[in-house]
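After this come two complexes, each holding chain A, first together with chain B and then together with chain C.
Right after this comes the complex of A and B.
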């Protein structure tokens, strides 16, 4: 019998596959690495970094970011972003969970109509009504207020109830019926039975409701004209090439929590993405 | 024989409540409920008298008195009048809803009285409502929010498209209804027409190209990761997930810096004796477009990879075994089994992704925002319709034309959305699973 060659076809295939994989993954990793390294650069301007990576590393950019706030008040941006994101997340989660539970659990006349209209509405790009929102906000003098931002995020949140509804659909209805027979009101059933059973989906909802305002740009840019009210996303876009490492440091600082969050949630990711496919 | 459709006899309280909300309840000695309904009724009548009727008329006239600061005349604010007119109609619809519930309530009580059942007190009635109609209590706030911040803006935008609001005509000038003139301008007025068709052409090309690139990029990556020889899949998958997790505006601004004059790419070009290239400059043309497609791929391929991974894991592996036994090559298996399966199950996604790319505001806003090319009316050669809409309405106050364009975009995308809606069986399946 002929001895098997070392370079048989499956090995060549494997080698080729891994070369392509390494190439593709480098393409994904390189810009991120570049930005992270730039944030540890010594000088502030992009012109001072020779090539992709700085020669010497330092924490100067981070120090500047938080201490040199006369022109670019990053701590204040961070405070505003945190304020908007936390309150949007808290209120938004309550509304999403309530909507999803109600639509999953109850049969009522307009249920189908509600589901159909949210599905059709959510297919339209969210930017569509944005200019109108802007005009309405201007005319009612709600511009330049962090609360109006929260209001818009929270009001739009229940539209994305489908993942949560899918979760509630899996809870067997016998447990509810038993409680109802025992005389529990619907509100009691919701607080005493549903909520304790749905901790994972509540955490997931809270985090996604947090991540959206945390990294949104379009809405705050439109509604916050006052420099003191800028969120991080708005502030960072106002940094030019001479403030490049400040931008890099500010970006890394705000991206790290989100990236960590995504990896922690990666098992939800596929489900969330394939759902997003339906709702757009 | 009695006529089956004969209306039930209306008792006096029911008739009373039909005329004046709440009086029927009062006649039935439902004091609190009756007074509340009566208060609602009074509030609506007072609202109509004080401003409601005026607002509704204002909706049609959009103001008749032009303001003049010199003469001290406080003019009409047309847009405010439009909004308040809209509000008046919404309030009226709500009132009709409350009125209906009022009649139902009286009828219900009437039936109970006739059957000799004691009516519950107000507090008890509230509790019963909250329990029996829990879904109304739970959904009231979400539905109201969506109506105010999603539906109302869309209606408002549609209305604005039929006015001459914008340009020179902003308060204190009076705005007027002008029918389809904005659409005529877009399709006929030379400067705007040329820009519109140029942008529309590029927009469609962009949406097709970037959808295909992202889709097949993601599918290819998923297939690569799915191969048997690739171990530590979680490790390799972490890289695209990393790209997916970085907030979009950071990615886009980062790439803008990378391709800027001082950026690393131009550094190496000048180092080797070349002169710096303005990749994203006003005259960049094709370069900027290609960079846009590639950057968009960097952002979107991970999403489609995750999607394709999920779908690939659902393929029945017996099919491959059977194919191997029949002697089909790997390539043939891919063409005959994998590809049809994946394409079939991702068709709705493909269309959604097309719509999203069609309206991809972020890419060119961040990479090349604020540039206006020659031969374009307030737009650059990479701007999509949605960017043009933003330039027109937010940056330059051309609200009427902007709204008309957003209606056109709405028509184009809703056609595709409707196709998705009809084709996706996610909605139809919904009840078979339950």
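Right after this comes the complex of A and C.
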């Protein structure tokens, strides 16, 4: 019997692939690991960390983050961030799904023009209109309001409907025709047929609508003057230069919910993105 | 079909209405005839150390029958009154350094005040009032009430003094180490520490350390030698067209800065030392460093942490840190020719110039957008009273502008006060154009500080003579001028 070579081409290929993947992962993982380790440093300062990682580890930064709130009220920032992200996600998801569904399923006048316009408008960076947004918010007395952030996030959300439209385009029209034959109204078709078939894209939409306000800095920094209303991103940037480990702990902690959500819903997320990408 | 359209339209409209309803304006505080609420913006240190709470509660207690109450504006300490004030989001009373307040004053964001009406008026020296004066159409207005003087100070650990300093480093035997009296000896001691550093990377002991790119902390290398920011007109106003960073013998001063940088590490080129000085003083790597008095508590905090790491309990560590950390004025003499390497013992009186540091006066201003001008004046009057300034000094370690408080406390506080009166503090100019001086000057100072490290990386030093530095300083003057006037 002929003995199989241990180093055949498939093994070499696999080894090479793994080495490349590990190298690439290390590049991305190392800064995260460094930040996580720094958040456990006892001293509070980046300058006490000799070499890459701190010598003495402690939970002091996390303790300070939640208990020492006189100057930096992290729990309150977290509460504000959660409030803005959850409501932006809920309302934004409804608007995006409705927009995508309407564009995907209905033929109406100026539909193409609308699609082209939204595509062009979505290419402009969001910070371009910040001054105008600020003046509008001032005139409507919406400065220092968490709801003003939600308004802006959800108002801009339907512009990013393309992935969702792509997903709805993949649902066979025969299902809708059958429903129509059975006498279903548009609302019934949407709620009883489209939505149950669209769980992946709804989850994907909700997650993306949640992630943006969760980590956004520019808008809350512009609209929230009162420290009690700051979100985590704004608060962390205002930490004193000597509070690096508190910053690290705050950054690590803010990442936890979003990481958990992504892992828990990864099944839907992958399906949502891949199915939505079939037709753009 | 039309029914379906109606449903979808209804759903869309409902979501929009719900969103808009939710965004309705915050319930405005009911305007009451009885209670006037003042929003006070203090600095973070005052908040952190509990002074702001103390001030607000004392004021509210004293004025509860007069229908005035003060609250923390709860905004970022440097939030821009020019952006927030006109729209009604700014504070009523703002505490800031003179350059910042007077920038607001120039744009009429803060109110001119009748300073004679304030109880502190007669106790504050003219130099401090001048920092808040502005001339408009030939009239002089004062737009701030001075509270404390800021100047760069030297911080060091007493236990890091050389054991033999009284015999080896106190030539005049006056009980003060020579390296705290003149810059040549500070240079000499720093050099001694570097030469005797036996650590493998030669990075375990440094002498004087500073982020040399910072004009405010290192202004002595310019202003002691005749440089100025803006020339003064005969009527006392500043002429922003006459910029004098290169005036006098400023180039010689910067030659000294270059010499001193050679005894530091590359952290002196940028903000590194400014950020790590607290830890490095605490762990003994730096012998001394320069910082402002309001950072005293940060040095203490890090020293306490270091002692706790050595096994002391919190109370012991705090006590030892307070005993051990010293804050003094910068050495008062600089070499007239800028050469720090000369032996001070061989220098005569004429070989020295007095150290003139850059400083500022922090004070209260009243926003032009306040609806309660009189109440604001009551608050500022209360906050600048003897008792409150005394309390501020005790809790924050500041050097007050009130002569009576400074005299009563003596020590470093009184020394800073005297320095202001004697002209050893060059106050930051109180005009808007001052905003443009920082970037060009910081860039040059950082570049000169980099010079001693250039050869090690294969580059040619850029400032090998005083003439090179003079040329660079003249360019800084021009850059500042262009920054002020190009867009005008």
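Points worth noting:
The rule is short, and it goes like this: the second predicted complex is superposed on the first by the 230 of 280 C-alpha atoms of A that agree within 3 Å, B and C clash if a C-alpha of one lies under 4 Å from a C-alpha of the other, contacts with A are read in each partner's own complex, and residues count from 1 in each chain.
Everything that follows uses one rule, which is that a residue touches a chain if its C-beta (ideal position, glycine included) is under 8 Å from a C-beta of that chain, and two chains touch if they have at least 3 such contacts.
All figures in this text were calculated on a predicted structure; none of them were measured in a lab.
By the touch criterion defined above, A:141 reaches chain C but does not reach chain B.
Touch criterion not met for A:181: it reaches neither chain B nor chain C. Legend: residue contacts after superposition of the two complexes on their common chain; A:113 is shown touching neither chain B nor chain C.
When the two complexes are overlaid on their common chain A, residue A:218 makes contact with chain B while staying clear of chain C. Between chain B and chain C, B touches the greater number of residues of chain A. Look at A:70: by the touch rule set out above, it reaches chain C but stays clear of chain B.
By the touch criterion stated above, A:28 is placed in contact with chain B alone, chain C being left untouched.
Looking at the shared chain after the overlay, A:17 reaches chain B, while chain C stays out of its contact range.
Across the superposed pair, chain B and chain C both touch chain A at residues 45-47, 95, 98, 102, 140, 151, 154-155, 185-187, 190, 241. Those residues of chain C whose C-beta lies close enough to touch chain A in the complex are 1, 3-5, 7-8, 11-12, 15, 18-20, 22-26, 44, 47-48, 74-76, 79, 84, 87, 89, 275-276, 278-280, 283, 298, 301-302, 305, 309.
The residues of chain B lying in touch with chain A in their complex are 77, 79-80, 83, 127, 130-132, 134-135, 138-139, 141-143, 145-146, 148-154, 156-157, 160, 221, 224-225, 227, 229-230, 236, 238-251, 253-255, 257-258, 260-264, 267-268, 271, 298, 302-303, 306-307, 309-311, 346, 348-349, 352, 355-356, 359, 361-362, 366, 386, 389-390, 393-394, 399, 402-403, 406, 409-410, 413-414, 417, 420-421, 424, 426-427, 430, 433-434.
Interface residues of chain A, counted against chain C in their complex, comprise 42-48, 56, 70-71, 87, 91, 94-95, 98, 102, 138, 140-145, 147-148, 150-151, 154-155, 185-187, 190, 225-228, 238, 240-242. Residues of chain A touching chain B in their complex: 10, 13-14, 17-18, 20-21, 24-25, 27-29, 31-32, 34-35, 45-47, 49-52, 95, 98-99, 101-103, 106, 108, 111, 114-116, 118-121, 123-125, 127-136, 139-140, 151-152, 154-159, 169, 185-187, 190, 214-215, 217-218, 222, 233, 236-237, 241, 244, 247-248, 251, 254-255, 258-259, 261-263, 266, 269-271, 273-274, 276-278, 280.
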